[in-house]
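By letter and in written order, the chains are A, B and C; residue numbering begins at 1 in each of them.
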Amino acid sequence: MTVATRGTARTLAAICVLVAVAVMIEPALAAGIEISVGAPGTVTVGQDVEIKAVLVQDGQPVEGAEVAVTYQAALGGESARVELASATTDETGTAVMFYQQRADDNGEMQVVYVGPEAEPVAPYTFTIEVSPSGEQLYTNQSGVSIPFVNGGLVILVISGVWFFIALAAIYIVRVGRAGRDETTEPVTASTEAGSMWISVILATAAIVTATGMVIVFVRAPVANTHLTDPHSYTRTPIAYMGTTYPYIGFGLDDGIGTESGDAATDGGVLYFEYACASCHGLSGQGAVIGPALMDEIGSFGSFNEDVREGPKGMPAYDEVTISDANLQKIYSYLTESG
Amino acid sequence: MDTLTIWRERLISKTTKPTLHTTYRYWIWLSFLILIVGNGAYQYSKQWRYGLVVTDMRDRISWGLYITAFVFFIGISHAGTLISAILRASKASWRAPVTRIAEFITAVALLVGASFVLIDMGRPERIFNVYLFGRWQSPIMWDVMAITTYLTASIIYLYAPMIPDLALFRDRLSDKVGRFRRYIYETLAIDWIGTPKQLRLLGKAISIMMLIIIPIAVSVHTVVSWIFSMTLRSGWNSSIFGVLFVAGAIFSGVATLILVMAVLRRIYHWEEYLTQKHFLYLGYLLAAFGAFMVYVNINEYLTEGFKLEEAGEFAFRQLFIEDFAFMFWFYIIGGLLGPVVLMLVPKTRTITGVVIAAVLVDVAMFLERYFIVVTGLRVPLMPYEPASYMPTFVEWSIFVAGLAFFLLLITVAIKIFPMFAVWEMTEEHELAISRMSTTDQDTAESVTQGHTIGHDAPRQPDRSQGGAP
Amino acid sequence: MRKKPAKPASQEPNSLDVVDRRHALKYLGIGAIGAVPLMASARLMDGLVRDVVKGSQTDVQAADPGPATTKSGRIRQWSMIIDLKNCDGCQSQGTPPQCTTACIEGHLAPQPMEWIEVYEAELAAGGTQFIPTPCQQCENPPCVKVCPVGATFPTPEGTVLIDQERCIGCRICMAACPYDRRFFNWGTPPIPPEAALADYDADVQVPASRGTVMKCDFCPDMVRDGTLPFCVQACPNDAIWYGDLEEDIATNGRTIVKASKLMAENSAYRLKEHLGTKPRVYYLPGHGESVGRDARDEGRIPTEWPWIERAEGAATWTR
């Protein structure tokens, strides 16, 4: 093994300095491509946006380079940069990109260099102020609406039919009445009662049937509002996308079945009610999404930390959602039954 | 006593015969039916307890024998009303002895058919949701509406022409039957004494119902067909389904009417009134509808089969040459062409021939309903092996119980209600006589008779006579 | 509420001469008077039904802020994009399809329901492809159109849910669904005893109840809460993208892309497009080639229901 000479050391030091300098001025040295962007200051949601990027290298326009415009999006607990549009520069070094403004807020936007050079190019960062329109951009267009061909028509037809049925029934009632009117001899008690009963039975049947049908007609607009009205069915409590909110699972903890006194038993119920089971398996043995809890649970401290912070895509549960006492019960369930 | 009165008295005695005389064979038959219905009820209690898992219906063939039975019975119900209404509207004079039986079949078959919808439901206890949350955009809701309307209308249509006969029974039988039936006659006859005003009002009621019931009946089975044809399934997705179902309904209705008539004629010796002519006329109707059904079927299957869309290939293979081929060809050859041939050949143009044709038609139409329901669902929608369906013992028991219940209701009705429209038959008979004789006396006599139809002893003879024109 | 039931009859032509006009008008008048309290009671009845049948629903409603929206209140439009290039039916994992398994475990779906089912379809020129098929969440849903009681309903987010507390079990929706994506509880459903603890909700469909229809619900509760549906989370190949067509983004749990761009670049299609049901589930054609599957490798491992021994008193059945 040779000892490093002075000369070697000097050479090494020089290389280090050179590398440091190169790193510091790297963007300019490596590619020398500069991006400048022309973008509107404000856009409304739904508007078509034009982003013009000009690429210049050493004062010369860069032709044939691919650039893309990205923004910061969040969905389902993920957060990432999303490419909105891309284009290739022409002979003047200009790339024009179009996209429709769909997000309410683009955050920090960037025009990034995609290729063809391998060297990294510093992205151009800018912001566009988005003014929300509140107007729905994606709507369901299915169906054809024809005037007068609707439920009202059905009601009309059925009412018409029932009108005639009722008319016939009335004639039959009048038949009976005509018979009574023309009878002068004393009517036997049973006949009288009989006539009354037939009217009562007929009337009851008619009223029940008619009421039933009228209920259907009249109630329909009220009964099925959930088909049109966004607020008419019970949802589990909701949150905005991308923000951390308590995960509710199977309709959260109403406390039922958690007063047995035995911490482990109660914990089992809570384990289910907080929907831990839906990812970690019914008894904590692990499932497709969540890992097994039984054996690897560790100390209460680390368990507590994991639940409160939510590692690796697991939703975080704060103290309001799962109280410390309840969490302790779940812990005892997992440790004692495992 | 003139000949007409003698004729009428004999008719009355024949009509009241089932009401007054009950043999031991009747009780055996009745208990047999009750036994079958009881077994059905027991099997249904199992279904109630364990759910529809006791049937062989599963996700891929989700309707089976129950819906088949529903369609079949609703079809049979067209016997009546439609036939009797059309014949009444067209003033066919031979209809009089047939109508009452036909109308009874209608009301009873409707009750049985509608109950099969309840039996098929996964949550029968939630039936009132249909009223509370009903959507009139749904074909099922149209069915509920149409069947409710039809049931109401056909009961009124059964009842209205029966009032004079009930009055007759009230007057003739009150001291010969028990309290229960006497009460029924007195109640249902609603003080019918046969005055001209009553006749006029009753005539209006009958003619309204006669006209309104034809579109109702046609709409009912069209709507039943829409349950199937409003879906996107190959084999069901057809615009001719309404016609196919309505024609098939009348077809099987006529056949059932023939069978019931034949049995009653045999048991109660009604040969004088249910003559060969009635059977032959109904047989011709059967043959005509058979030919029409052949035409509709050619329309249905040729247009589909010629193009043979993706799923159509499977549907055709299973229907024409594979699993359901026997049913299908029995239906086409035995059920549709059979009656036509039987009516064309002079040798088989007899009551026996007509009854054989009717049996063929009823069996074939049941099979048709079955294979329409099952083959439509069996065509795979996604890449999976086609499912199979074989009704379980529970399903067969309940179906047979439905059949037995249908017969039971008719069996019971025979003992209570007049099965012949005595007053209408008398009217027709009178007309026939007056057409033959031209003497003034006969005419005058018939006019006088006309006022007291269905009533032997008017309670107020003076006024009713005085009101005569 | 719009029409008085008695009113239409007056427009009926007097085709029968037996109809006495004077009487007809009289009866109509009575009918019209009768209709007023009936209509008034309809609202009343609705409240009654809510309180009695559905318990204290009003309280829950007060807490219900409505559908998932963007910050400016535009309603999210859920959709799914399934990349068949990445789906090998979990052949390489040596497990049953993980999307199905996770869905079953997460929803406690009774045996034999596979709300997202991995079908193996023949390719036109030999070989097979795997098609994970959740409910297609049609925009023109045949099932909703036929339901007699409004038990299955579209949500503003564009998904179709089932209210099992209203379902009467007539099964016409199953006949109407052209994708075989509806499942019926033929008997007492085989679910673990714990499921009885859950508060029923159309969003989660737990616990399952006998005699009602169930299907994939697109996990609306999970996405609203900031996680992804079970199937998306569980897919080892990131083949399932869950997206919002309103903001035009989709995520597979690893990254986020512009949904329309992903679909356009990969020639997305929908199942049975000719039926006009307009599904919200899009497919990117393929047969698992991106994860190294040969189209001639056939077969996948059948799905299992882990708690089947624990479901006491329940019946199982086959599809």
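Quick note on the criterion: a residue touches a chain if its C-beta (ideal position, glycine included) is under 8 Å from a C-beta of that chain, and two chains touch if they have at least 3 such contacts.
The shown structure was predicted, so the numbers you read here are calculated from the model rather than taken from an experiment.
Among the remaining chains, those touching subunit B and also subunit C are A. Of all chain pairs in this entry, the one linked by the most C-beta contacts is A-C. When you average the Cα atoms of each chain and compare centres, the chain farthest from subunit B turns out to be A.
One finds 41 Å separating the Cα centroids of subunit B and subunit C.
Between the Cα centres of subunit A and subunit B there is a gap of 54 Å.
Note on chain placement: the centre of subunit A and the centre of subunit C lie 14 Å apart, centres being C-alpha means. Shared contact sites, meaning residues of subunit C that touch two or more other chains, fall at 16, 18, 45, 49, 150. Each of the following residues of subunit B touches two or more other chains: 130, 132-135, 137, 141, 204, 208, 211. Counting partners per residue, subunit A has 155, 162, 164, 167, 215, 217, 219, 223-224, 227 as the residues that reach two or more other chains. If you check the complex, the residues on subunit C that touch subunit B are 16, 18, 45, 49, 117, 119-122, 131, 133, 142, 145-151, 166-172, 174-180, 182-188, 210-213, 275, 277, 315, 317-319. The touching residues of subunit B, counted against subunit C in their complex, run 50-55, 57-60, 62-63, 117, 120-124, 126-127, 129-130, 132-135, 137-141, 144, 204, 207-208, 211, 227-228, 230-233, 376-377, 380-384, 387. Subunit C meets subunit A in the complex at residues 1-3, 5-6, 8-9, 11-12, 16, 18-19, 23-24, 27, 35, 38-39, 42-43, 45-46, 49, 54, 57, 60-61, 63-77, 98, 101-102, 105-108, 139-140, 144, 150, 153-156, 158, 161, 163, 192, 194-195, 197-204, 206, 220-228, 230, 232-234, 242-251, 253-258, 261, 276, 278, 306-307, 310.
The residues of subunit B lying in touch with subunit A in their complex are 130-137, 141-142, 145, 148-149, 152-153, 156, 159-160, 163, 182-183, 186-188, 190-193, 195, 197-198, 201-202, 204-206, 208-209, 211-212, 215-216, 459-460, 463-464. Subunit A makes touch with subunit C in their complex at residues 45, 73-84, 100, 102-105, 132-138, 140-143, 152, 155-156, 159-160, 162-164, 166-167, 170, 211, 214-215, 217-219, 221-224, 226-227, 230-231, 233-252, 254, 256-257, 268-269, 272-273, 277-279, 281-282, 287-289, 313, 315.
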